[in-house]
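Quick notes on the structure that follows.
First chain written, first letter: the chains are A, B, C, D, E, F, G, H, I and J, and each begins at residue 1.
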């Protein structure tokens, strides 16, 4: 089951830089483990913004919630969640 | 080069049904030719809406414009266009 | 899996009254079959509005989409869909 | 008499963590006493957000106000209040 | 129990004038019976607009809903409903 | 001459509590003197919010401005001002 | 007493042209009588829009309401009303 | 050439009071020199707000920009700029 | 003196096609005469939209207004006007 | 390939002035190198605002993203990105 999640990141100007770097590294590791597992199916940068559009494949709303709450950058993000489903005209089996 | 295009479809209540069916069939054929060509890379329905989120792979802004203007349903659609780029953390080569 | 769906109904002033009555009757029958099946778990009127807040229990985003698209009043409605999940503090087992 | 209350929680990044934990524990206790009493009839998380949708059963607008003002997390919340009423098509007696 | 209801009236330019006059007369009669009964406690015009701010005294959300649905001009109105309660500093007993 | 004024109060989380209590007490005294004088004709809480809807009777826009600027809580408030006038259908002489 | 009124005019594409011309002529005559009387103190076009910003000098909110309701173009206009008062720093006596 | 400029002033609660008083005095002197020169043609308070509506007469967009950037309170203001032009129906020669 | 004008075009679905074609041809001729004269300095399509961003060089707000009002497509357009001025860092003399 | 980028700059009131001056100088140097290279094709101030409208000529969305991320003032800016394309009616070859 797929969800589009749009994430805007906003780290305050005066936030400690070393701490920010540590959180971003943790975020990257967490992201890549989810990407390898197939949960975080797609990610793209929005050009010109510290923001991304992502597609998640999860079993339930609760699984999506727990996955997003686990993001190290979560407290710095604004989220928009859109539930998706397969388009009837699609020729691709995995655009489910 | 990728773009997210969000399309909302709104056909007036009193629009001729046979004409609407003809336009939708043309839309589907046009869509599938673009999907087969790799231009319309992804499409998903927004659950509960007559609307979709799509990812287009094109060579330029102009190619995107011409592709969207060719949609038989274009006069019935509201569009939102977001230019995307590859995310630096992605492990997938083709999430470009 | 639960979703909140907020529905606003807007039937044009000059829409045929007999046809509107027929559609509303079909809507009521469809609604009650879904309510009896446990799919349309809750429904409340928004006071002062021709609108409701509903809670749906479905197996997937696709099931939600198909259910909503089947509403006889769908062409007259504006929808807002919010995916929900169980609250960790809840004492009720079925607020899932 | 029922009300939908949508609550968004926003605790500042630099708020004292021990104090936040204390407030959340008080919130949970307060919530569960209201849930047990039947006042806080339903609660669901909004997937991906530190936010909930709740249904309150109270005797008056004033009772709702006093209940919400008593929330330990109230100073950190943005509220949206929607008065509800029973839907005429509902088969369930207690969706009042 | 009090509610503020803000009503904006919008009658289409090409709506039949005699029918509009008939509906407005019915609205005025309905309004004055509710005002005499104490249900429609206050009404004020918004200067420069075909709109009003009203205060209703009713026993429940459902009573408010039924009262508003009975307005002859309801199909031409946009409504905003705000539940109110007595202000703790008020010296007036009937600002309940 | 009547005006509706909607006031939202927002005192920062870290504002000195004793100072806040002192300002609120001054606000209450100022409010009650205006209420006794008939200037602040009505006040109601918005249920669930630290906010009110008020009706002011003043001689001019300038008198309204000076009255509001004198509020001890003014620096913590967001205001919305709506000029009102008597509704032609009203049976009450003093809903002027 | 002064008010800023912003007026946007929107005449439907298919509205009868002769009737529109007649209404605009009536509007101009009404406007000029109010301008000569000092009620409609200022008027400026918003560049690029069929819209104006105006300053009215009236005795009360009710006088403003009646003046605006008398505009022949009123049914085609969207209005925004802002009550003004003299600025304490102004050197001009008549910017009241 | 005329422009409407709407200015909202927002001085932070914890800003140094003596410094604020000094800036406001400089603002008043600057304002009055521009008013005397005919550049700042009109100013009115928005009733109930720390905000004004002003009309500027300048030779160019650049002159407007430089004038506004010179305001001592500029860093505390939110601005809205609307280019105006003479209304064809106006009887006043200087409403240019 | 430069202005950015953003134009969105919306021709109703049921508007006569021959008439629309005639208006578009008139629009193109008018546009090209203004472009040749240097008044309509730049124009770009917004990708995916029947809309453009344009830069006008005119002597006054009134000249801009008259130019835009002369557009054959004006009744079908929504406009946004932004006054511009030369950027102090620019190396180009004609980005005035 | 062209993009319109609208940039609003907001430097906090209490930000260190010397540091701000250093960042602005770096911004100007960066800007002028991009302007000389033809990447930052146009820039205009929005009159009355610390904001600009710019036109960028880049090879891809990714090139635009990297260019904008390199702005020394980026952390203080809010961006709006609009992909553009050549207008079919344009007589100018380089309005591509």
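Here is the rule we go by: a residue touches a chain if its C-beta (ideal position, glycine included) is under 8 Å from a C-beta of that chain, and two chains touch if they have at least 3 such contacts.
Worth saying up front: this structure is predicted, and the values here are computed from it rather than measured.
Asker: Which chains are shared contacts of chain B and chain H?
Answerer: Neighbours common to chain B and chain H are I, J.
Asker: Mind checking the rotation angle between the two copies, chain E and chain H? C-alpha superposition, nearest 5 degrees is fine.
Answerer: 180
Asker: Find the geometric centre of each of chain B and chain I from their Cα atoms only, then give the gap between the two centres in Å, rounded to an integer.
Answerer: For chain B versus chain I, the centre distance works out to 28 Å.
Asker: Measuring from the mean C-alpha position of chain C to the mean C-alpha position of chain H, what distance in angstrom results?
Answerer: The separation of the two C-alpha centroids amounts to 51 Å.
Asker: Compute the distance, rounded to whole Å, between the mean C-alpha positions of chain A and chain H.
Answerer: 45
Asker: Which residues does chain H have that touch at least 2 chains other than itself?
Answerer: Residue numbers touching two or more other chains: 2, 45-48, 61-62, 64-65, 81, 83-86.
Asker: Check the chains against each other and report every pair that touches.
Answerer: Applying the touch rule to all chain pairs gives A-B, A-C, A-D, A-J, B-C, B-I, B-J, C-D, C-E, D-E, D-F, E-F, E-G, F-G, F-H, G-H, G-I, H-I, H-J, I-J.
Asker: If we count contacts the way the header does, which residues on chain G are in touch with chain I in the complex?
Answerer: It is residues 13, 45-49 of chain G that touch chain I.
Asker: For the complex, give me every residue of chain J touching chain A.
Answerer: 5, 12, 15, 61-62, 64-65, 68, 75-76, 79, 81
Asker: Would you pull the chain A residues touching chain C in the complex into a rising list?
Answerer: Residues in contact with chain C: 1-3, 60-62, 64-65, 81, 83-86.
Asker: Show which residues of chain F lie in contact with chain E when the two form their complex.
Answerer: Those in contact with chain E are residues 2, 4, 28, 31-32, 35-36, 42-48, 52-53, 55, 82-92, 95.
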